[in-house]
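Letters A, B, C, D, E and F name the chains as they come in the text, with residue numbers starting at 1 for each one.
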Amino acid sequence: MKKVEIITRTFKLDDIKAGLSEIGIKGMTVSEVKGFGRQGGHKEVYRGAEYQVDFVVKVKIEVVVEDARVADVIAAATKAARTGQVGDGKIFVIPVEEVVRIRTGETGDAAV
Amino acid sequence: MNAADTAFVLICAALVMFMTPGLGLFYGGMVRSKNVLATIMQSFILLGLVSILWAVAGYTLAFGKDIGGIIGNLDFLFLNGVGMDATGAPVSNIPHLAFMIYQCMFAVITPALITGAFAERMRFGGFLVFTTLWIFLVYAPMAHWVWGKGWMAQMGALDFAGGAVVHMSSAAAALAATVVMGKRKGYGHMPFIPHNLPMTVLGAAILWFGWFGFNAGSALAADGFAANAFVTTHLAAAAAALAWIFMEWRHSGKATTLGAASGAVAGLVAITPAAGFVTPMPAILIGLGGGVFCFLAVILKNKFGYDDSLDVVGVHGVGGTWGAIATGLFASINKATGLFYGNPSQLWIQLASVAATWAFCFTASLILFKLVDATIGLRASADEEDRGLDLSQHNETGYQA
Amino acid sequence: MNAADTAFVLICAALVMFMTPGLGLFYGGMVRSKNVLATIMQSFILLGLVSILWAVAGYTLAFGKDIGGIIGNLDFLFLNGVGMDATGAPVSNIPHLAFMIYQCMFAVITPALITGAFAERMRFGGFLVFTTLWIFLVYAPMAHWVWGKGWMAQMGALDFAGGAVVHMSSAAAALAATVVMGKRKGYGHMPFIPHNLPMTVLGAAILWFGWFGFNAGSALAADGFAANAFVTTHLAAAAAALAWIFMEWRHSGKATTLGAASGAVAGLVAITPAAGFVTPMPAILIGLGGGVFCFLAVILKNKFGYDDSLDVVGVHGVGGTWGAIATGLFASINKATGLFYGNPSQLWIQLASVAATWAFCFTASLILFKLVDATIGLRASADEEDRGLDLSQHNETGYQA
Amino acid sequence: MNAADTAFVLICAALVMFMTPGLGLFYGGMVRSKNVLATIMQSFILLGLVSILWAVAGYTLAFGKDIGGIIGNLDFLFLNGVGMDATGAPVSNIPHLAFMIYQCMFAVITPALITGAFAERMRFGGFLVFTTLWIFLVYAPMAHWVWGKGWMAQMGALDFAGGAVVHMSSAAAALAATVVMGKRKGYGHMPFIPHNLPMTVLGAAILWFGWFGFNAGSALAADGFAANAFVTTHLAAAAAALAWIFMEWRHSGKATTLGAASGAVAGLVAITPAAGFVTPMPAILIGLGGGVFCFLAVILKNKFGYDDSLDVVGVHGVGGTWGAIATGLFASINKATGLFYGNPSQLWIQLASVAATWAFCFTASLILFKLVDATIGLRASADEEDRGLDLSQHNETGYQA
Amino acid sequence: MKKVEIITRTFKLDDIKAGLSEIGIKGMTVSEVKGFGRQGGHKEVYRGAEYQVDFVVKVKIEVVVEDARVADVIAAATKAARTGQVGDGKIFVIPVEEVVRIRTGETGDAAV
Amino acid sequence: MKKVEIITRTFKLDDIKAGLSEIGIKGMTVSEVKGFGRQGGHKEVYRGAEYQVDFVVKVKIEVVVEDARVADVIAAATKAARTGQVGDGKIFVIPVEEVVRIRTGETGDAAV
């Protein structure tokens, strides 16, 4: 099992959800994060004082899947999220040693 | 001059002033959080911009001595001759300055109403230029025609507190805006869900509160007509709030808070032209009509697919039009008589004024929007829309964790 | 008729109207965010519902010609005969319509006060039905007894602006609600922490602001009594805010913002029956008492463990009762005299009216709650409570990131 | 006594009351979310504290019979002799109680203005003690000198609604606070970004709305002077909002919402001393000056690096001073004449009163701050500042998810 | 060392904290997330327009523990979080190669 | 590749960003979390009712880097975040098996 973490632009969330659903992914967990990277931030001004804000609001999508489906998930997410502009974000793949479905106690592939 | 009337009109002017930031909150709660400040700003800054335009030339164009039924003369340019007594004012019971500033508050809120139509995609610079032109070329003439002894007044059209001058005019401009500016990016593909409905309800509450100043104050005296307008205003808003949530409940199974707030505003709009001409029970009917018709108009919009972001046409256009017609039906006091009280001609006059208002305001606004679009530009870029207008137009963000 | 008094009462009516959404915000900030809209809605929609009920029949039941001290007759059904002059009105200095609408605002806010007791667990439909019945069967009689020349008035009970009619009546209903509806899911096991206290303070500020209309306006004239009621109202609120945070500081080491806001409301409640009958220094004492007694009542509630979610009994019940008694102690102006000024009988009258109000309102409300519970249902299901009333009752959410 | 004037002044008093929580929201939105309640509380609780201090002794010190131009005598201690008719009041057209409570609202908001300077780092206890001393030792004398027939009034200084009494006095205290208390932890190293600008705009809107009560109400009658003050107030605010965002646009390329709100307040401050003495067009100039000068002052602050958290000196100090001087330039009505209308001596009087106000209020406030600092302590500890004042001073948090 | 990630219903947080405390867990990190899964979402209506909202608010609890305690943590969390209804959520176990306590610089088991 | 997760005090975020930038880290992802640990919480009081709130607001910083740089990242973050008081927080190192840059499709070290 792997956890695929997709960090990308907020407004791509719906597209990614659709893309993953298409390849049969039935669950995911989403959180709001702030990213710092090449994209750079923006200037804000409050009563004449300028602030450089380096962080950009991003969305993080976590999907745990069987090893065999990792490549599909990456492909689907990349397709949905890519704009080609700096700031499209990253995908990280992290090993997962065990999965449990709380409701049933099922573990492993059955639990996802 | 009468001190009681002066006290009443001044306080009413303050109430109407409060409506404009209230409108900003009403609208601001309905947009996405990245646009909250830009939306509020489009109302708030008009307290600055329009007030100055009004003092400089707007007031005299609207209320200066009538020139051919079309426009006021320049006697009151820079408020020249507008003083602490009633000299030169249309009414003799309050200071001319009190009348002027009361009218100023109407001029401020009217273009603010339009901003709901192009919310979340308008450039700030273009907005300021458009509004400046619109005040002089659309609002001031309309106010003159109806309240400044212009041709609509001469024709006998009834518009107690601004069904045509305020609501239809802004709604016609709103319609023109949606034609010229097109839809928000992503419209139809992604949800546009209000980001802060308590803010919207607060805005609606301020609007309702201020509307007593708007309608009862339009009696320009603290008398029985003011009391009547106060009551009709309140009951119409109440009836429309109920009507709207009833329609919602029939339509999708639940009443919503946004529906109650929207319905109240629809009722307030509908009663505006009628408030001083009808009695309480007809006011309830006008409110019910306002709630039902505006709800249906908003549903229809979703079907038509034009992007009037916050339903200016559905609420102010439909509500104002219904109110103007209803005035022709139900008028029975204050020297006015409608169809149901034996005077069918009033209805024709109302219909004529409705048609003229929509035609003039839509055409003129369309030309102004196109003009500004062609010169300095109206529409934020796709990237600016993505980042949100707060950041892209104002270098600010509404909230920090 | 007097234009100054008319101006004053109309503006005061607007102020009282503003209190109801203010109350919605006051309550709305104290619930969890998943219930914010439902809570605000329970106040806001009463501007719609009760206003119409009032115009249709509520007003005439309360202020129609007295029938045996019990109820008003139906002369004013559908506001028939309620006009732009003072004909038929209880007072001769303002338009009958102005008096009617001013009273309407009181009828609106009173059932809104109750909603604090069953916040976070009430079904919307049951709430509307209960309130409709309650207005006709509890509020209208109470208003008649006290202000409509009914038996309490005949007995000489003093209630300047609604200690019994507004505060005790709603608190008695609130108590009945907690009995019938039980506790919120998780009460006692999980914390119920206010989700937005700035919203609550804003609500308290609007309440304080509007309360000048409520109490000073109850003089129904812009005179020295109005000025006195204005001053007593302000000082009692001030004193109670200080008293509450002082008690808090003694009790848990810190003064809180919620405490200041709660204390102010407690003081405003306590002075309501007395505002026009006492002078400023006794008003400060009444405010201090309001702050102290209401604070203690709220603490006690936590001990007793009944779930009056937002302390309607603790604040409006205890505050209103204390205020009614204090009126019997401190009354000294406006043809009223209390115990401390040599008239012990007034205290007995006050105590009798307090007992009668609690007994009648609690019993009647209990029956109505049980009736509605047994028929269409009062309480949201456990699942609806978990998901929150905003989603389950209204298909909405308050905030989006 | 005049009922219309009474109605007007009472409603204006309510409007001014509403300004204080409005100020709390205006300030509260500009701090970080961990300090939002503490900031709002510092305004809100003064409605409690100062109102009681005022009734007990503040009013008589300010408006009791003049003793040597310095202070009022104790005739009105505990509001003794302040009654429902005009007996003993400075004006004969309204109840003495109405005059007293109207003045009370000014006493409440003035120390609330100071709180912007030490926002995010003040201990609650020290704040209460400082304010108590300040009301008696700074505010009451200032009010007496200017409005209570004290030496500044005798000298002929013009201060219509409180340029010196309210704005310069609070700004001088604010300056003293920054000297005594130093900077917030992290100032200069980390950003201090407003956490909720919609709240700030709402606060500004309430301030603008209430300011009509503040300035027009200062005519103490519903007459042409009130209408004039109403108009000058509105136009100055409007002009200043535009001027501020114009400066911003020149300075950093964008107009901001916070700038519009700040500019409006700056304009309201600037017109305060002048509102009843100048005509509308000079009011626009005063507003423009207010917007420009206050903007520059705020920019300068960032250069100087003293930590006046929310720009009390920049807005109220600079705006109030400019307004007082501008009154000496532009006064032309209400028996006042300024330099531009042929009376250079008025300008000198204004300058003298400005200098005296700053010197007295700064020195006295500095002493009081040092005194409180040395005894019970002013400044929250570093750890309390890190955790936020809401938790550390009040055991509360503003928002829950 | 392992990181145990528990994604479950928000209102179960207190129970889980209690359950973990009971077995001697002294630290955890919590965040608010939105979950997409079998549970489905809900309908929202704004001015007559209906929106299907697929995401449900959930809480994510992260606990880093010695390998030997993973089973206990899973058992305690499952017990506290289970309602038996769809939407109870998942537990993921992820390897952790190093732990550092910032305050002291301690690493490994001592740092948890 | 490793993911370094730093959980620490909110107001240290800027310092940590600066510290990591100094050693050449060009990207990171930040989220707001609530922590439970030795630091303990605080008391809140609402209308006389006292609540013990155990959770403290913390910030979580995630940085994915090449294995060789993990030690540097830990050192820099520790230096920036340490106050020496209880509550400074933890650093967790988690294996990452794959990294993809969405914009370009690059993977591995080139993608970070």
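Just so we're on the same page, contacts are C-beta pairs under 8 Å (C-beta built on N, C-alpha and C of every residue); 3 or more make two chains touch, one makes a residue touch a chain.
What you see is a predicted model, and the numbers here were worked out from it, not measured in a lab.
> Where does the C-E interface recur among B-E, A-D or A-B, taking recurrence as more than half of the contact pairs being identical by residue number?
A-B
> Where are there more C-beta contacts: C-E or B-E?
B-E
> Need the CA-centroid distance for the pair subunit A / subunit F, whole Å please.
Using C-alpha averages as centres, the distance is 18 Å.
> Distance from the CA centroid of subunit C to that of subunit F, rounded to the nearest Å?
51
> From the C-alpha centre of subunit D to that of subunit F, how far is it in Å?
It comes to 44 Å between the two C-alpha centres.
> Multi-chain contacts in subunit B: which residues touch at least two other chains?
Expected reply: 2-4, 7, 11, 193-194, 196, 202, 252, 254, 256, 258, 395-397, 401.
> Residues touching two or more other chains, restricted to subunit E: which are they?
Residues 31-32, 44-46, 94-95.
> Following the definition at the start, I'd like every touching pair of chains, please.
Touch list across chains, by label: A-B, A-D, A-E, A-F, B-C, B-D, B-E, C-D, C-E, C-F, D-F, E-F.
> Residues of subunit B touching subunit C in their complex?
Those residues of subunit B that touch subunit C are 2-5, 7-8, 11, 15, 32-33, 193-198, 201-202, 204-205, 208-209, 212-213, 216, 221-228, 230-231, 234-235, 237-242, 245, 252-258, 260-261, 263-264, 280-281, 284, 333.
> For subunit E, which residues are in contact with subunit C within the complex?
Against subunit C, subunit E makes touches at 11, 14, 42-46.
> What residues on subunit B touch subunit D, complex-wise?
Residues in contact with subunit D: 1-4, 6-7, 10-11, 13-14, 17-18, 21-22, 24-25, 28, 36-38, 40-41, 44-45, 47-49, 51-52, 55, 78-79, 82-85, 94-95, 97-98, 100-101, 104, 124, 196, 199, 202, 390, 393-401.
> Which positions of subunit A touch subunit E when the two form their complex?
Checking each residue of subunit A against subunit E gives 1, 3, 17, 26-31, 64, 94-103, 105, 111-112.
> Name, in rising order, each residue of subunit E that touches subunit A in their complex.
Going by the criterion above, the answer is residues 2, 6-8, 31-38, 54-55, 58, 60, 70, 74, 77-78, 81-95.
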